[in-house]
Every structure is written in C-alpha cells, then in structure tokens.
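Please find one structure pasted underneath; my questions will follow.
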Amino acid sequence: MLAHLPILQVIVPLMAAPACLILRKPKLVWLFTLLASSLAFIISILLLQQVMVADTISYELGGWSPPWGIEYRIDKLNAFIALIISGVSTVVLLAAQTSIEKEIPEDKQTLFYILYLLSLTGMLGIVTTGDAFNVFVFLEISSLSAYSLIALGKDRRALWASFQYLIMGTIGATFILIGIGLMYQMTGTLNMADLATRLPEVAETRTVTTAYVFFIVGVCLKLALFPLHFWLPNAYAYAPSIVTAFFAATSTKVAAYLLIRFTFSIFGISFSFTTLPMETLFLVLGLLGIFIASTVAIYQDNIKHVFAYSSVAQVGYMIVGFSLSTHAGLTAMLLHMFNHALMKGALFLALAAIIYRVGSTRIADFQGLGRQMPLTMAAVVVGGLSLIGVPLTVGFVSKWYLVVAAIEKGWWWVAGLVLLGSLLAVIYVWRIVETAYFKAPMAGRQPVKEAPMAFLVPVWLLVSANVYFGVDTRLSVEIATAAAKSLFGVAQ
Amino acid sequence: MNLSLETLLQLCILLPVLATIGIVAFNRHQNLREAVSIFTSLFVFYAVVSIYLGLQSGEIISVHWLQILPGLSVSFAVEPLGMIFALIASFLWLVTIIYSIGYMRGHNEDHQTRFYCCFAIAIGGVMGVAFADNLLTLFIFYEVLTLSTYPLVTHAGTEAAKKGGRIYLGILLSTSIAFFLFAILGTWVIADTLDFTQGGVFPEDANTTLLGIILVLFIFGIGKAAIMPFHRWLPAAMVAPTPVSALLHAVAVVKAGVFTVMKVGVFIFGLDLLVVLPTTQFLLYLAGASVLLASFVAMRQDNLKARLAYSTVSQLGYITIGVLLATSSGVIASSMNIAMHAFGKITLFFCAGAILVAAHKSNISEMRGLGRQMPFTMVAFFIGSLSIIGLPPTGGTWSKWYLLMATLETEQLIIMAILMLSSLLNIAYLMPIPFHAFFSNMPVKNGYGVSTDKVQIKEAPIASLIAIGIAALGCLILFIYPNPLYELASAILEPKQSTHGN
Amino acid sequence: MFAVVMLAGIYGLVSASFFVAMDAVDVAFTEASVGAGISTLLMLTTVAMTGRTEHMASHKPLLALFVVTVTGGLLIYGTFDMPYFGSADAPIHNHVAPRYIYDSMKEIGVPNMVTSVLASYRGFDTFGEVTVIFTAGIGVLALLSVVQRPKSDAVIEAINDSMHEKHLILRVVIKTMIPFILLYAFYVQFHGDYGPGGGFQAGVIFAAGIIMYALLFGLSAARQVITQPVVQLLSAVGVLIYGSVGLVSMLNGGTFLDYSVLSADPIAGQHLGILLIELGVGLTVASVMIIIFFSFSARSEYQQAKKGESL
Amino acid sequence: MTTILGLYNYWIVIVLMMIGFYIIIAHGHLIKKIVGLNIFQTSVFIFYISVGKVEGASAPIWQEGIILYSNPLPHVLILTAIVVGIATTALGLALIIRIKEAYGSVDEHDIQAMDNQDMVNQDKEQQQC
C-alpha cells in the first residue's frame, strides 16, 4: 500500500466526503471526518519521511506514463505543505463539533463536514498533483467548497463576503486557466516536469511571458497578495469560526505553494527573475502589504478583522522572502509558511473558543476575559507574541531567517523595514491584551466560564507547537532548507 | 550540598522560574508563599557565591543548552563582568524580597501571588542575562525580563498603570526588536558568530562605517540602558509598587541594560575597535547629554520616585560613557558603578517606599521635617545620596574616581567637565531632601501647626527597615572594602579569562 | 434583466455551434445542454425570485475599462508569438496529442478519442470534475435547503394548480415526451464510446427530463417521483462508484484508475472501467442537477409561502 | 497580413473575453456579474478549442480512412471546465437568492451600504451597554 500513498493522500478525504452523506448523523459524521483527516495527516507524515530519503516520488494515475497520463509528483516541497495542511485541519477538527453545534443549524452540520472534507481534498490535490490542469480542477473543488463554507456563517454579511470571494476567486481561476492554456499551447504538454523541460525552448516568446503573468496574477488573487486582498478580511471575519481557523492557517499557503512551484520549478528562476522584473515587483508589493495591512489591522474593532488583516501582512513577509529569490530567502518563506500556519491556527481557534463563550468578536467584548477565560486568553497572548516575533516562539525564527536572508543579499534597508513592520504587530496585539486583562467586564455581560476542553486541547496543542518549534527548530528548518535546496536544484 | 558548579549555574536560572510553581501553590497561605521566595533567593545567592569562589580558583564554568538555530545555541559561561552583575542581582534580590514582604503587607496590595511570580521569573531572566555566553542567549533573556516585568509595572491595574505599562513595553520591545535584533543579525551576518569573545568578534577587514552604524543600533536598541531619547519608559515605570521600582532601577532592568552595553562594547566590538569607530565620539556626547539633561529634569521633579528615576537615567549615562571611553579604567569604572549605583539607588528607593508606607507621602515638598518622624530611614537616605553623588565614605566614590581617570587618560575633557557638573547637580537634587527632613519644620497642615518638638517615631514595617539597613550598610562597606569588586572589574579585560568553556 | 439572461442563453447556443465548427462535438453537446439549457434555466429562476428591476446608477466603468484594456492588451500582445490558428505543426499537435489520436484505438479500443482521453488517459481529471459537481450540489443544498417545507400550504397548492390549469396541452405533450427524453439520456450514456456523448451529457439530459416534469406538474408532484434523500444519496453513490473503480484497480495491483487490470484482457478492462465511471458520472451529474433545481424552486415556494403567511 | 489571417480568431475570442470581464467588474447587479462570468469563461473555452483545431481535420472520433483529426485533449479539458463553470454559476445564483432574502436587494452598492450600516449599528449597541 505504501506505493499508493501519494494518491491516497487525496483520495481518502475525497471518498470520505460522499460517504458522510450516507452516515447523516452529525456527531457520527464529525468522528468520521476527524478520522479521515487524521488518516491524511498520517499519510502526509509517511510521505515526508519517504521524500526526505528518496528525492521525489512519481505516481502514474491510470497506469499511463506522463506526459500522457496524469502524474502525481511528491517532492520535499509539497510533502511539507501537505503536512501543514492536513495537520492543521486535523487539529482544528478536534474543536469543530463543539463550535459547529452552536454556530450552524442542525440540518446543515452534515453538509458542513462534507464541504470541509472537500476543501481539504482540494487543497491536498493542488499540492500533490504534478499536472497543470489537474491543479485547476482541484483549485475549483477547494474554492467552491470554500465559498459555501463561508456562506454558512451566521451573520448575513457572510453571504456577501462569500459572493465577493466567489467573483474574485473565479476570476483568479479563469486567469490561471488562461495561463495554463497558453503554456499548453506553446509546449503541447500539461505535465509540470515536462513543462519545465520544454518551456525554456520557447521562453523568449511573448506568449510565454503572458502565460506567466496571467498565471501569477490568478495565484496572487487567491493568495490575497496586497492589493488583491480585499476579499479576504470579510470572508475570514464572517465565516464560521472553525472555517476561519482552518482557512487562515492553510489556504494562503496553498496559493503560496503554487507561486513557488510555477516560478521556481516550472518557469525556472532565471526566467522569472531575470527576464521579468518580478524581484522588485514582489518586493515592493510585499513590503506595502506588510505596512498597510498591519496599519489597517490596528484600527479594526472586530478582532477577526484584526487577525485577517494581519494575515494579509504575513503574506507580505512570505512574498518578501520570495522576492529575494535566493536559497536563504526561499527557506525563510517556507519556514514562515509553516510557522504562520501554527500561529494563525492557534489564534483563530482561541477566538473560536471565545466566540463560543462570549458570542461576539468585537474587541470591546473582550473586557475582563483575562480573568474569566485565563487559559484561552493565555493562548491568545502566546500566539500574539509569536506574531510579533518574540524569542522562543516560531515567529522569532521566521523573522530571524528572513532578515538574515535579506542582509546576506545586501538589502539592509529591507531587513530594517521587515523588523519595523513587526512593531505594528506589537500595537494591535497589545490592544487586545490590554482590553482582556485591564478592563473590568462590561456591566451588561454576565460572567463567562473557561472554554470547554474540546477547545482548550487543540488550542494548546497549537500553542505548544508554537513554542516547541520556536525553541527546537531543527526539524522545521531542516525540512525547509532541504525543500528550498531541491527547488534550486530543479531551477538550475 | 555538593552540586557541580555547572548545575548551580543552571539552577540560578531555573530555580526562580520553578519557584513560581511553589508560589502559586501556596497562593492561600501568605507566610509559606513568602518562605518559598526567600528560600529561593537565599539558594540563588548561595549558588552565585559558590560560582564566584569557583571563578576565583580559576575554574572555567560553562553550560551548553539546546541549539536554537544552526550555529547558535542557548549557552552560558561565567566571566568576571557577568559575575559582578550576578552577585549584585542575587544579593539585592534577597534584600528586595525581604523589603517587599514588609511593603506589600503594610500596603496590603492585592494579587501578591502574581507579584512574587513575576518577580521570580524576572530574576531568572537577570541571571540568564548575566551568564549568557552569546548575544542570542542574552537577547532571549533580555526579552524574558521585559515581558516578565510588564505585569509588575502595571500591577495596580489602574488607568495610569496601563498607560505607564504601555510606554514601558512599547519602548523596550520596539527598540529591542527594531534596533537591537537588527544589530544582532547584522553582527551575525558580518562576523558569523555571536559568541562573546575577548577583544571582539569582527574580522579585521570589516567596513568600519557599517560597524559604526551597528554600534549606534546597539546603543539605541538596548533601551534598558535608557540613553536619551529612549529613556521615557523609566519614569513611566514609576507607577509600579516601590519594590518593583527598586528592582527595576537598581537591580534588574536598567542594570541588565548597561550590562548588555558593556558586554557588547567589550566582547563584541572590543575596545581597540571601539576607539576607531566613527560613531563612538557621537555616542559619547549623546551619553553625556543624557547625563546632564536627566540631572536637570530630575531637579524639577517634586515626586520623589520620579526624581530618583531621572537620576538613574543620568547615572546610566556614566556607565555607558565608561564603556565608550574604551580604556581599561573606563571599563573598570563602569563595572564598579554598576555595583555602586545599585546599592545607592536601591537604598534610596527603599526609603521612598518606606516613607510612602509609613507617612503616605510621595512628594518631596511634603517631606520637610520628616526626619524626626523617621530618623532611621532618613539617615539611610542620606547615605544612599552620598553614594550616588560619589562622596566618601560611600562606594560611589571609587567608580566616579576611575571614571574621571578614564576621561583624563583619553583627554575627553568635555566629558570630564560634564561629569563634574553632573556631580554638582546630583548634590543639588538629592541633598536637600534629607537636609529639609532634619533641619526644617513639618509643613503647616489645615490651619493649625503641628508642634515640631514631640513627634513620635513612626517608621516603616520592620522587614522593610532591615532591608534598608542592609542596603545602606552595603554602600558604606563598598567604600571600605572594594577590593574584591575591583579585582573582578580589572579581571574583565584580562585575556586569560576566556569567556568560553570549550 | 430577462433580456440579459436570454441573451446569455443565446450566447451559449452560439458558442456551442462555434464548437461544432471546430470539430469539438462533445463540447458543443455539453455547452448546448449546459450553457444554453441548465444555466439559463437557473438564471431565470433566480431572476424570478430576485426581481427583474435594476437601477442603472451602479456602474463604475472607467476603472473597469482600464483594467479590461490592460488585460486585453496583454493577451493580444501574447498572441503574436502564437502558432497560427489551425496550423497542424503547432507544438500541441505534435507532442502529447498524437498518441491519443493514433494509439488510443489499440490501447483502449474506444473510437471516440475524447471519451478515451477523458475517461482513461486523464480519468483523474474527470474524477475531479465529478467531485466539483458534487461539491456544487452540496454547496447549493447548504445554502438553500429549507428546514422543512411548509406542509400542504394552501398558497403553494394554489400556485401549482394555477400553473397546471394554464398549460394543459403542454402537459399532455410533455408527459408523452418525457419517457423518450429519458430513453435518449440512456442512449447518450452508453453510446458515449462511439459517438459524442457520455455520462455528463446523459446526466444533464436525464435531469432535464425530470426538471420539465417538475416545472409542469409542480415540485411536490416531482418530489413524489424522486424524493430528496434518494437524490442526495445517488449523487454520493455516483462519486463513490467512480472512486471505488479506482480503488479496485488499485487492489488488482494497478495504480489508481488503471482499468486495464480490471479484467484479464486490458482492452476489456478499459471498456468495463469506462462504462462504470461513465455510470458514476451520469448518476452524480443527473442527481446534482436535480438537487440544484429542486433546491432553487423549493426555496421560491418557501418564499411565496412566507409571503402568503405575511399577507 | 498572414498574421491577421493567422490570429484573427484569437483576437475575436479575446474581445469576447474582455466583454465578459468588463461586465463582471463594471456592473453592480449581481446576476449580471454571473452572466459576465459565464461569458468570460465560455470565451476562454472557445480559445482552448480553437487552439486544438487543425485545418481540414475532422472531429476526433475514429473512423476508417480518416487520418487527420483535431486535437482531442483541449476538448477533454474544456468538458471539465464547462462543468466547473456550471457548478460555479449554480453556487453563485444560490448565493444571490440568499443575499436577496437577507438584504432585499441584489445591487452591489445597496448591499455595501447596508453592510456599513450594520457596522454602525453594532457600535451603537456597544455604546448602549
């Protein structure tokens, strides 16, 4: 069975989804979903172990050899991303049942879990496949389920947010489709590895340039890279809190993965960064994203908005690392993708717990929570510190690598700006901490209890991961470095 | 008990943190809880002393914890400068604990458990800073210290406390992330090591302008050293309960700051390099300016704690100057001043606290004639002031003396003038307080005068008094018997004292 | 609004004929049934439920125009290095495609290359496609499903009746037609190997039949023919069939969706596999289409019922 | 001239695409947006198909004696893409229906305005308590 792991990675959640429809009973469905997701998690771990020794695993679907058939191609990079996605999804699911019971009407809970599984499938599919068009198909699976999941939010604004996301997402997908089409037209193949070998021959043509631009723009829409980010905050803010926790930690990572994959291993670094001015473009956008998004985050009243905007800012950090187009820079980016998943997962899950108790997401309603929900708030504080980049948290590690990478490239000012940017995080995190710890609970609100175990366990799992990988970075750094190295191996 | 020095070293850092468990456990029973604190501080002091003896007998003590980033690990080693800091910190922590028991109860503050917890963690941080063997380790514990003292500053939980806390954390965290961390990373890339090395780590051919900029980043980044314009957090932190102020201003935070400055100056740049850097002169003047300005501001403060705070700012200036002069006597002066100022200032703060508890007074203008009511406290205050000013028979004399020597050696006459002037200013803003306390009458309260003859003695709680006594005594002893301190200080620069275990 | 939708529908038809002109019969077939058929129907329903009016104020053309021109310009720029339209020596005709064209017959034994590529060479894409449809169905359910339909609401009955009385002739005609439509659907389903067609088109047509029925005899009547739970179940079953074909081939020692291991003779295996998955596709597509339509119209009934109560 | 003859087809397609794209961005009416989306996607499909066309070839269904076929791969891709398209459309329309129920309007600007109103209201509540 080990030989089939690559496909099982995707098939397990995919097949589980329709099966849920047969199970019907929400509680049962939840357990089943949890099972499927954790299976996917285990598979991804096994896969990662395999690729850390053997360089890449190729799996020919339908027994047709690429480029004629569809190929699944696992290397260090996508094994790493798959691990992040399936891991976060599993941890988040632990809390799902409790939170969903309260936020979604009984008759729709089963559907919720199906959609959740489907979006998981979509993301994993995008990451593991080695075929350009297959990416598009799974992209659509993940997006369609995402739209519906977001629309399940209680607030009516969820609907509008979801619709905006649908429009933006579909435009993005169509752009990607155009990009793929042009690539296909110039090379006659859809297989990524094959594309990588055949594109250089036609790299000079205007068509290929166009193809790249369209593909990248489409991806950046999904990535919510500033200034294409405006669909994200509302989508995160009004979705069911579990969904927010899941997406905030994973969805941007998937888009980032596509960016890396196509830029480095398909178009090749020389094309992307010497033929086209991607370097400066991404650098500028990234930095702008960091500063503007963080500044906006400071002025939000809805705490979900605060962290949503901070997500946009964090994407900025990733993109800065990307724009360095050096091994160090890429390592930093990958590390940050991993670390950011941990931070945001922890934070949004903690928020979910608070929403479960308090039923509101406005900072004003956090008054006095420091005493009423000590453990949850403590989690928020640690997550916040990690976001700021305080030593002994993962945030520090990624900052460290990013800044070192920038300095090594001789971009001192970038390094400075990156650090300055993290100061903005201090402000918006501390606003929350102060409200929670130094303000007495509002007269109107009756005191709330500490969140139930169903929340505390996963939240603290993630929080301790934040600290653990902030102290013992061997694992994450090793994988990230190896992945980055392999990419540059492909690129040259 | 016969624990290896390495173990003791680690215990110094871990024990205070572990103590929090005990403190929380005994949340209900005050006495047990305080007992835990005292025992811990006693043990830590014992450990430090035995490490000190080990160091004297030429042993090389170093501990290596886990590796955080490739080539960068959390590791500790003992060297004289750190030794001085550790000795003072652990000793004065003991004293402060004793004092604060009296204070907190006399003032019956709430959340005392949280108070003692953070206190303990803070000391753990200080020990970590003191024994850190590389910049990363130092930085980590530096931040631990910042964060653990934040709840202490905002202890009261009032609006004012919150505001103070905001400034405190804002400045310390921002400077440390934006400048300090940046400088560290720069160092890492240029020298690709962060280990403290005798004579500096930078390669010969390194670009001096760049290094100059990095030096500036360091000095500004180490906000705890409170060099203007990044000193605002210090007065802001005055909202904290007095023991905290004592800890912040005499022992933990500010000293950690100047200590870091010294470490960077001596072991990252190295004195020879410091001299040639283009920015050193500029920083010297900046420090000088900070000394003078702070003194002037101090004179205008009526709130006693605020005045002391600004006096601290100026005193820290001295220490920075000492390093930047980049001569052996300068370094000696600075390292001694760390000790001297610690004792002097803590005495003063203890007194301030005692006055607050006993007489409920915080403004200097109200303290006329207080000497009759609290003679003991006021005498102690007098001694402390002397030490700060640098007059015999107190320890402060020595550090001032060496500092002036250093300025002479390097012909920094302007700096020398500044030092002279500021000493005069010290007299001007400290002496009046005990003077008025003894030689002028109680202010006239609502209509009828209070008879100045028979005011009954009303001192602070006994625990506090003991603490005050010890501290004040310390000032005197350091004058009569400064040799061990001096030996340590002069050992800092001896190359044979490698700071590396391996 | 009505006009807009109609035009969109016509556009669908036109593009369908476009596809025929370009030898893409299958695509044309699909586009005709989807672009012109289903989506137009859905849009009309939506218009009916949301009202036709719109105020013209809401235009922001300048920015839009700018964006569009930039994108279009870029695309035009891109075309200049393209191989000319219809030229046989373009890379896409010479790299991967030849094998599909010349070897599929002996590798799979299905004359319709589109089918063989769709179902076998790139079978996994199709699996994905089925999943997409399934997702959409679930999504629509999640959005529109009404907790329980207002039972035997006079209002609804009234509506239905009125609707029925009106087009009596139509009803008779349709009633006679529907069986043929369904039959045709089956034909398309299984003839897909030889002519244009296959699971997807068949599913759509089948659904169309049911939908017609529902349109004329009222939702409740249609619901009696096929109940909601059953349809949902079928949609799931379709996906599961497809997946299990893959899993079985996996257990038979092939890779996922490798049909040739399904039976002793690879060709036969391919046939079997394709047959099965086409079935799966057909099932899911048909039932999802029905689900979507049902949810839409159920929602509108629900709205009307609410209105009725409020009156 | 040859260029024009060779590429006119693509240009037509691009024009169509851009019309759709324009409708999406410029129009406030949600259904129109969806229509635009349809047009946009369909034109992309046409582009794919025309890429697959070979001059003088016949539909890719094997028959005796015919050797020149159009490229079947784009057809397959587009079949998939069409399905994706209808799926998106259905979902979008469903959303529109719900939006209409929730907001009583299907116009971008009205909805945006109401959203901002919601924000304000929330703040009001906050002040009340």
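Per-chain residue numbering starts at 1, and chain names A, B, C and D are given in the order in which the chains are listed.
The rule is simple: a contact is a pair of C-beta atoms (placed from the backbone, for glycine too) under 8 Å apart; a residue touches a chain by one contact, two chains touch by 3 or more.
Remember, predicted model here, so these are calculated numbers, not experimental data.
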| item | value |
| --- | --- |
| Middle chain, criterion being Cα centroid separation | A |
| Most distant chain from chain B, judged by the mean position of its C-alpha atoms | C |
| Inter-centroid spacing, chain D versus chain C (mean Cα positions, whole Å) | 15 |
| Averaged-CA centre spacing for the pair chain B and chain A, given as whole angstrom | 45 |
| Centre distance in Å when chain A and chain D are each reduced to the mean of their C-alpha atoms | 26 |
| Chain centre separation (chain B, chain C; CA means) in Å | 75 |
| Sequence positions of chain B contacting 2 or more other chains | none |
| Chain C, residues touching no fewer than two other chains | 75, 79-80, 82, 90, 92-93, 96-97, 100, 122, 125, 128-129, 132, 135-136, 139, 143 |
| Residue numbers of chain A (touch at least two other chains) | 133, 137, 140, 144, 147-148, 151, 178, 184-185, 190 |
| Touch relationships between chains, expressed as pairs | A-B, A-C, A-D, C-D |
| Chain D residues touching chain A - in the complex, by the definition given at the top | 21, 24, 30, 33, 37, 40-41, 44, 47-48, 51, 73-74, 77, 80-81, 84, 87-88, 91-92, 95-96, 98-99, 102-103, 111, 115, 118, 122-123, 126, 129 |
| Contact set on chain A toward chain C in their complex | 4, 7, 11, 14-15, 17-19, 21-22, 59-64, 67-70, 105, 107-108, 111-112, 114-115, 118, 121, 125, 133-134, 137-138, 140-141, 144-145, 147-148, 151-152, 178, 182, 184-190, 198, 202, 205-211, 213-214 |
| Of all residues in chain C, those that touch chain D in their complex | 1, 4-5, 8, 11-12, 15, 18-19, 22-27, 30-31, 34-35, 38-39, 42-43, 45-47, 49-51, 54-55, 57-61, 63-65, 67-69, 71-72, 75-76, 79-80, 82, 84-88, 90, 92-93, 96-97, 100-101, 104-105, 111-114, 117-118, 122, 125-126, 128-129, 132-133, 135-136, 139-140, 143-144, 194-196, 200, 285, 292, 295-296, 299, 303 |
| Chain A-touching residues of chain B, taken from the complex the two chains share | 66-70, 136, 139-140, 143-144, 147, 154, 157, 161-162, 166, 169-170, 173-174, 177-178, 181-182, 185-186, 188-189 |
| Residues of chain A that touch chain B when the two form their complex | 385, 388-392, 397, 399-400, 403-404, 407-408, 412, 415-416, 419-420, 422-423, 426, 430, 434, 438, 471-474, 477 |
